[in-house]
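Working notes, structure below.
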Amino acid sequence: MSKNLSRVVKLSLFALVIVMALPLLVSAQTPDENTLIIGQSVDVGQLDPATINSRAEANIFFHVFGTLFEIADTGELRPYLANAYTISEDGKEWTFTLNEGLTCHDGEALTAEDVAYAFDRAANPDNGFTGNTSGFVLPSIGFQGTRVEDELNVTIITDRYQTPNLRLALISEVYIHCKDAYEAMTLEESAQNPIGSGPYRFVEWIPDDRIVLERVEGYTLREANFQTQIWRVIPEASTRVAELIAGNIDVAANVPFDQSEAVNASGVAEVQAVSGTRRIYVGFQFGENFADAPGYDALQKTEVRVALQYAVDVPTICQTLLGTSCERASSMVNPPNNNPNLQPYPYDPAMAEELLDAAGYPRGENGVRFETVLMGPRGRYLNDANVVQAIAQYLTDIGVQTTVDIRDWADYSQLVRPKEVGPMFFLGTGGGTWSALYDMADLSGPTAGTNYTNWNNSEWFELWDSLADIRDAEEERAVVNQMLEIFYNDPPWLLLYFQPDFYGVSNRLNWNARRDEWIVIYNATLK
Amino acid sequence: MVNPAISISLKQDVRRPSVWRRARFSLIRAKWPLVAIAILLVVTFCAAFGPLISPKDPNRQNLVLRLAPPFQVEGANPEFPLGTDGLGRDILSRLIYGARVSLLVGLTAVVIGGMLGTSLGVVAGYFGGRVDDIIMRIADVQLAFPFILLTIMVLVVLGPGIPNLVLVLGIGQWVTYARIARGQTISQREKEYVEAARSMGANHWRIMFRSILPNVLAPLIIISSFNVASVILSEASLSFLGLGVPPTVPTWGGMLAESRDQLLAGKWWLAVFPGIAIMMTVLAINILGDWLRDFLDPRLRGAGF
Amino acid sequence: MGQYIARRLLQSIIVIIGVTLLAFLTLHLAGDPTYLYVSERASTEEIEATRVKLGFDKPLPIQYLNFLSGMTRGDLGLSLRSRQPALDMVLERLPATLELTLFAMLISTLLAIPIGIISAMRRGTPLDGGIMLFAMFGQSIPSFWLGIMLILFVGLTLRWLPISGHKPVLSLLFEGNVEQAIRNIPEAIRFLIMPAITIGVFSLSRNARLVRSSMLEVLSQDYVTTARSKGLKERAVIIKHAFRNALIPIVTMLGLEFGFLLSGVVVAETVFSWPGVGRLVFNAITQRDIPVVQAAVVLFSFLFIGLNLLVDILYARLDPRIRLR
């Protein structure tokens, strides 16, 4: 009935199709030989070097700013902006000597005064900084202040001695920036506009899209191979991997291991699996506020906690849910700093049942010994929700009827910090390869903020306090080994594994991923 | 801010005695609605008798047998006809249990939202004036408030779980019902039968819910049929964002969301089966909704949903 | 008309206050946000100090009043996470989201109208059946899944379109860089197609069905018959009468759709790495970055209110039976 109309309609449809098809003819762009593109899952929140709230921010800062010392990928501590240091008689004042001729990206000379400024600025409560530097590093070294000795020498004043590896590792997370540049900016400006001291200069940040960095020509402390670095934000893992396989990015962080095969088969990229330093464990809650929770009484008994160590098949969890073989942790300390005499608990459910029988928790008529709850986060650690469910299944299998309570990470972290998680909870905390003490600092006191289980083994804490007076490395080692044995025999944690990390790396690149979740990539080269 | 279109008068006069008979006739004439009903019967059966017909415990894991393919595909395990998921759980059993949750969430959320919205809408339309103003301002606040934020509020404050998910998805849609019920009530308010009831001394509640309500119900029933489908889809989207039901509870949306890391790896069965389940169910509900609309009131076609 | 608009604006203020109060209470009832702003190894004292820094130690009513008095001055506070003015952060990402939603709306309405009309004209034919079946499927696919499938097939296997990312146009226009904006358009459309389909396919399907049924209804109305009998050309009949009336339900949807659109946008922006407001707000909620959430909520309620006012005025033009009250 309406030839005219249908012609109009057809024409307009045709026109729309043409308009939509036109862009198909434009060619796609791929990374060139001067540009390196990295895909991460989260964006930075801000770019002030004194506030670090995430790994993503630290990755950018590492390339834009220099530090006094740096942690090498081997875990060894290397000089960087500084070339030497001396320790005062009482061990509290550390004086660093800077390299000559350093400059910041705005051209001003980088001297002792600037280093002092970077520390003082982060510590100044008026600036209201939150995050890693002011919230963790400076308190951990007992920061008191700075003193400029001369042009190249600066002293960091603290209230305690620390074993050098631990202190240098902490200090290598303080990013050095120049006084004149930062005094000229408001806090609002400095959060957008980093003026660095490292091998790459900040160019632009398009929030939730990309950060672009450009090589500083003539920078001598680092050999940077790519002229441009683009750090893209690609939150969805499948999208990140698709971009990698399509050849649009060079490195994809956090590749789901189930997609490794697809990546490797593409001929474009390979997946690198590294054994990370993050310690993953199930904590047993000792806090009184859980006294009425199911299973609390049973879990107070050392025998029960030891028995549960035998119940979980950690190697199988690693193989199936983490996509790699792993060695089970024998303590909270990352190898190679752990106690070599301690053998990881084997998977032996019969042994677990035997120990539980002996501890006074036989199976009831319904096959249940006791009931309890395992809390865990979702979306924070590798495959976390699935691992939590798998652990609950293993515990249920030996008669410890375990209910799972999984929360979104934002909610979960609000419960973990005030220690309102239990009777069992799943958690992972970052660790290091440079010092056993760094890993053990989680349990630096019965009420320490990071002692999430409220563990109160007096032997352990007495030995911890005694470490403050020990300066001899061997003596320190002996005490550490003794402490780790205490931890092993009266476990506040159900020991699991060190979290593996997966990076998808383009075949055009020579680059090795690090163990400690840092993406350090200035040294990458084309094949 | 009240949408004037809603107050376009939609006259109807559903003669109740013959409704069921006419429905039977109309259904037999049309083919698709019958197919839709058959699909929904199967889903409802699964939901009702899940524990009896499900071959396995849907949460029983077996890590060694994870990602086993379905049917006769190479590497398949005959114990798991539709294969296993990333934790080695039986997909068939999870689908059957998932029917229960998806239907429960869809239906209850719509019932909650529908009842709340309809009563408020009828009250607002009937009394008008200040009561109307207050209720409609609250509706405006809710409409202007991004739904996703509301969802997170309820799920975070009350904790995750099916009851809270149902509550938030229900609350999320009361406004639609309220607006339509209000418009319809306004158009009915001055009718003779209402006047008659009033003159016979019936109180307000009686007039509103015994006299007016039956006459404004048709468009609301139609909308609710479409909303059941959209709630099932919302549950899937929320699962994708990590805000759905806890991962221990099998739902179709949750299964589909979990499958996304496996698509590139070629483990298609993780996505295809829950995907088919969602699509068939939503499709069936939509077809049935279409039929219901044509049957109850063909004039509603253009009324904005 | 002027009086009507004034009344509506007054109502809007009440709505905005209600919206901000709801958002404020929500985020505070959800627990103490301080813990998200300290290092994972911070001590109890450091946590307490951070709480004071962020202002969470003050009583809730005071915190809310501070926020309201700031809002009247156009100051919605600084983001807790990035220390930038919260409103600026939202405005900065708004162009990308607008591009996405406008393009999605373009697809869902402009395509829906001809498709719906064809379907109505060819009622009962296989073409009509096929279109309606397709529309049914379009209404039953979860959007995130469609998005990932598009990436894998159109983006990765066929390599027709870029997999993820964004090319700015609107933000350049706002900056006054018209030349670059125009040069970006072809590339920008390539980036837009897949995410816009992901968001728009549900509305497209629904609108196509809507247009079809209201066309069918309108075409059988008396005034269309009258118009035809007056000897008007068929095209004129369709455009002047039928089409105009068929638009009414679509306009209704435009107004109501806005609130729902944001949740669709969150999903599409996540899947396609689109730097828009949806992801910003979603991240801000999970990080309890209260000022950013507030700023977005306020901005979106303004947009919503404005859009609805527009819709109502549009209505009055489309349908003379409707009077603005």
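Per-chain numbering from 1; labels A, B and C assigned in written order.
Just so it is clear, a residue touches a chain if its C-beta (ideal position, glycine included) is under 8 Å from a C-beta of that chain, and two chains touch if they have at least 3 such contacts.
Quantities reported herein were computed from a predicted structural model and do not represent experimental measurements.
Student: Considering B-C alongside A-B, which chain pair is linked by more C-beta pairs in contact?
Tutor: Of A-B and B-C, it is B-C that has more C-beta pairs in contact.
Student: What is the chain whose Cα centre is as far as it gets from that of subunit C?
Tutor: Of all chains, A has its centre farthest from that of subunit C.
Student: How big is the gap, in whole Å, between where the Cα atoms of subunit A centre and where those of subunit C centre?
Tutor: Roughly 36 Å, centre to centre.
Student: Cα centroid separation between subunit A and subunit B, in whole Å?
Tutor: 42
Student: At what distance in angstrom does the C-alpha mean of subunit C lie from that of subunit B?
Tutor: So the centroids are 22 Å from each other.
Student: For subunit A, give me the residues that contact two or more of the other chains.
Tutor: 236, 238, 242, 408, 410-411
Student: Would you please write down the residue numbers of subunit B that are in contact with two or more other chains?
Tutor: Expected reply: 156, 260, 263-264.
Student: Could you list the positions in subunit C whose residues touch two or more of the other chains?
Tutor: As it turns out, subunit C has residues touching two or more other chains at 30-31, 148, 152, 270, 286.
Student: Can you list the residues on subunit C that touch subunit A in the complex?
Tutor: 30-33, 35-44, 46-47, 49-50, 53-54, 78-79, 81-85, 89, 92-93, 110-111, 114-115, 117-118, 121, 148, 151-152, 155-156, 159-166, 186-187, 189-190, 193, 233-235, 238, 270-276, 279-280, 286-288
Student: Looking at the complex, which residues from subunit C come into contact with subunit B?
Tutor: 8, 11-12, 14-16, 18-19, 22-23, 26-27, 29-31, 136-137, 139-145, 148-149, 152, 202, 210, 213-214, 216-218, 245-246, 248-249, 252-253, 255-256, 259-260, 262-264, 266-267, 270, 281-282, 285-286, 293, 296-297, 300-301, 304-305, 308-309, 311-312, 315-316, 319, 321-325
Student: Can you list the residues on subunit A that touch subunit B in the complex?
Tutor: Subunit A reaches subunit B through residues 236-238, 241-242, 256, 258-259, 261-262, 313, 316-317, 320-321, 378-379, 385-386, 389-390, 393, 404-408, 410-411.
Student: Quick check on the complex: what are the subunit B residues that touch subunit C?
Tutor: 1, 3-5, 8, 137-138, 140-141, 143-153, 156-157, 176, 229, 233-234, 236-237, 240-241, 253, 256-257, 260, 263-264, 271, 275, 278-279, 282-283, 286-287, 298-299, 301-305
Student: Spell out the residues on subunit B that touch subunit A in their complex, using ranges where they run on.
Tutor: Residues of subunit B touching subunit A: 59-61, 63-64, 66-67, 86-88, 156, 160, 242-243, 246-248, 260-267.
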